[in-house]
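Got a structure for you, questions after.
So that you can tell them apart, the chains are marked A, B, C and D in the order they are listed, and the count of residues begins at 1 in each.
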Amino acid sequence: MQTIEKSTQIKSDRPLVIAGKTFKSRLMTGTGKYRTIEEMQQSIIASGCEIVTVAVRRVQTKAPGHEGLAEALDWTKIWMLPNTAGCQTAEDAIRVARLGREMAKLLGQEDNNFVKLEVIPDTKYLLPDPIGTLQAAEQLVKEGFAVLPYINADPLLAKRLEDVGCVTVMPLGSPIGSGQGINNAANIQIIIDNANVPVVVDAGIGAPSEAAQAMEMGADALLINSAIALAQNPVAMARAMGLAAEAGRLAYEAGRIPVKTYASASSPLTGTITN
Amino acid sequence: MQTIEKSTQIKSDRPLVIAGKTFKSRLMTGTGKYRTIEEMQQSIIASGCEIVTVAVRRVQTKAPGHEGLAEALDWTKIWMLPNTAGCQTAEDAIRVARLGREMAKLLGQEDNNFVKLEVIPDTKYLLPDPIGTLQAAEQLVKEGFAVLPYINADPLLAKRLEDVGCVTVMPLGSPIGSGQGINNAANIQIIIDNANVPVVVDAGIGAPSEAAQAMEMGADALLINSAIALAQNPVAMARAMGLAAEAGRLAYEAGRIPVKTYASASSPLTGTITN
Amino acid sequence: MQTIEKSTQIKSDRPLVIAGKTFKSRLMTGTGKYRTIEEMQQSIIASGCEIVTVAVRRVQTKAPGHEGLAEALDWTKIWMLPNTAGCQTAEDAIRVARLGREMAKLLGQEDNNFVKLEVIPDTKYLLPDPIGTLQAAEQLVKEGFAVLPYINADPLLAKRLEDVGCVTVMPLGSPIGSGQGINNAANIQIIIDNANVPVVVDAGIGAPSEAAQAMEMGADALLINSAIALAQNPVAMARAMGLAAEAGRLAYEAGRIPVKTYASASSPLTGTITN
Amino acid sequence: MQTIEKSTQIKSDRPLVIAGKTFKSRLMTGTGKYRTIEEMQQSIIASGCEIVTVAVRRVQTKAPGHEGLAEALDWTKIWMLPNTAGCQTAEDAIRVARLGREMAKLLGQEDNNFVKLEVIPDTKYLLPDPIGTLQAAEQLVKEGFAVLPYINADPLLAKRLEDVGCVTVMPLGSPIGSGQGINNAANIQIIIDNANVPVVVDAGIGAPSEAAQAMEMGADALLINSAIALAQNPVAMARAMGLAAEAGRLAYEAGRIPVKTYASASSPLTGTITN
């Protein structure tokens, strides 16, 4: 009889690869909104994530809690994903992306050319501008960035961004921090089914069930921040999100049962085991 | 800085207690529908479950794959939950429940008085009969059984069953084996909010996201069989369901963020860390 | 060319028949919760309904606004459906049903033996007791009543009630007055697909879209009260609900398009008209 | 007592105004996909619509059933909305829009400068290109067109299109002809809440309930073609959609009840009528 120890090693055998770089975890998190630096540190560890996004402008402006970011996380294990949060135009985002590259170098990640591109003129819903995002993406790709654009779940825009050389697309589930979950599932499914780059569902996820749902649809990864940082117990929620991302991915690879109209007995009186 | 090893020990600290018996895992599985006994064995181990339900009539009729059930699982670690699948009336279910108690003794579980009560006259949807279920439950409680009744998600019926002494209620998410997920979430939520016994969501779950959803709602446990046994890779799906049950429970205890109409910046330019 | 006048006569050609009595409208309403008697009168007219339910105990206790109920509506055109609201047990409901029959006679409806059976011990969700409802239904059928039982959407209970001679079943969409809509669509669909008596979706409908949804599923009729009476403009909402019930029924009979995964051009460049 | 005749005159008192032109009906339909010209004629009449969209390229290429379009409908009562279906680029759409204006003149609508702008490079989902749509819209507005762009439900794109002078925005519910309904409700709600031009929900609606849902959300109008033309009985479905659009609008103006967690008795034993 097989032992429990062996079985717990069941894992997805297809890693996440972005811009040639391989990651074991499919959950990305952030550093914003935590109540204390300690909670942030422990939550990031509990999540099992290997990519953490950082708002460049926040570091730049020395926002509270950011003086010690270099020391707070172990940047030999965590890959930094600089983001352009707070940028309302393509120009602004391009400028901040360049600062992000410098920031990565200061943290010892010399070869880190990643940028999470956010062009967000709207302050109420924090929804991204498709035109400005495409413009900035084109420029940043030319400058050698690995661009991960944050977008509304628009399959044609996703395809355009892929065509100009973005290394992922990051469609939103629902507005940032809203916890509404995956409001655009049908469009995200179309994006996933047609993408040649990894699809990262970003923003809006409020609970592990929603994280798992996105992964079961075939999303390659998730980015979750508010739902962890603002949970009553962020560390436990971080762990829950990490487990859910893994569960959803495993299920995607395992091949779920079809949905049927009628029932099918779990305990049929005539057996199904044939040998 | 905290190490990754320590963080992975985050676990729910409130165990599942049914009829005075304590379980660490909140996922129950079954033995039906697997393609081979080996897949069943490995899946049950991978799921991490501690309770496995067995159709008494199937063993009784020596259905294929059931001659070796006593040897197939380690009954010193797995608690057997005999079920009355295949019973269409209260009388039939009562009779089969008694046989189940004998079966438990043969497996060395002398004190096992559990029975998963199913009274299912309908063969198309396999939905339970509320009247027959209540009648059988009353009788079986009188006979000293710990009764876990399988029911439609009817809050008043759940309360009636609790009142006659059932040790859990097991509302269905959707028809057995249908993989439709949680079709009755609103009613299940009412049952959870008002129950004084553990609520086990049983039947219909097709994916880990749905398992997590039920646990996030506050369900105390899940019973999942078809979605594991009939997945293309049952062992991986079993592991995924185990992770999802844990993730959902952790999230329930961790306290999720509220759902908001508008966005809330993950990376605010003014900080929220106050010390 | 056909005129607009002719086209507006498109109507469902299969009327609603309950206990041998034929109704053109498939929307039933109530008299409770209105702000004024005038609003009630106008709303009932605007809805186009032919059946109005009245709480017998409310009339009995001379609750405010009920002294004039006999005069408020034209009982030669409106069929009264006495209901047993406020009854917590089968016994109480049986007693009130008998009073309802007397009330109908006083309104000039000598042959009216209808009763909407409500057995509701729960005051928070106002959900019905399946056991008490079945008991009362059996007795009332024996006494010659045409029984329309209000039930949780439990297909097996619905079948039991049909078997004892109820003339409809009235599954709830969601708790009375909650406006949550059709929370139990899957179960209601099973009830509809298997019923040999009309299925009336009762309670919880908050908007015309939900009224139409129930009718598209094949429900035979609807009962809507709170969503009309408590709307800001009850008369307009009553009209809206009447239109929605008609639209949903027409669509059910018209045969909707199948749901498809992919698109299908509305304006194909090659034609589909073949003659 | 008010008569039934009077009550049936309850109607929305705020008409739909697009580019200064007033319409009583809020349902737009099309001419494609019908099995016969007679069905098309009768369906358009039954729907009560005043705006009918026509694929310019289809007329241009003399697709089957289009030789008689000028005579098939009463263009003194129906406002033609030429569309650019079949155009994959901004340039192509601009060219076809100009042809559409000529077509309107030939039908006697000298002042008709409307164009439903579709830029659709994708043939599988028929989803619109946001970049090409914006480019074409800018040019067509400059040329004096009243532009009604078909778009993915992207609030920022909708705002951009409004800013360049479009007279409506037409977000899609789901892919054309798919009958999936309103997949992007959250985004469409944001568009509605922030638009200064009418919002027309276009594509994907399969049933009256979905038509009503969009109107209840506050959409100003609907465009429905496939769900009518391809129904088993298109004329009845057209009528159903017309009723649903009216019901949804009435309900939006009437002010629906709030959704509540708990129940609220329809037939309270203590009255609410205060006078």
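Methods note: a residue touches a chain if its C-beta (ideal position, glycine included) is under 8 Å from a C-beta of that chain, and two chains touch if they have at least 3 such contacts.
Remember, it's a predicted structure, so these values are computed and weren't measured experimentally.
Taking each chain's centre as the average of its CA atoms, subunit B and subunit C sit 36 Å apart.
We define each chain's centre as the mean of its Cα atoms; on that basis subunit A and subunit B are separated by 31 Å. Subunit C has its Cα centroid 47 Å from the Cα centroid of subunit A. Residue positions 125, 127, 180 of subunit A each touch two or more of the other chains.
Taken chain by chain, the contacts form a single closed ring in which each chain touches exactly two others. Checking each pair of chains for touch leaves A-B, A-D, B-C, C-D. Residues of subunit B that touch subunit C in their complex: 121-122, 125, 127-131, 134, 152, 154-157, 159-160, 174, 180, 183-187, 190. By the touch criterion stated above, subunit A contacts subunit B in their complex at residues 1-4, 7-8, 10, 30-37, 40-42, 45-46, 48, 53-55, 57-58, 61, 63-66, 74, 83, 85-86, 124-127, 175-180, 203, 206-210, 212-213, 216, 225-227, 229-237, 239-241, 243-244, 246-248, 250-251, 253-275.
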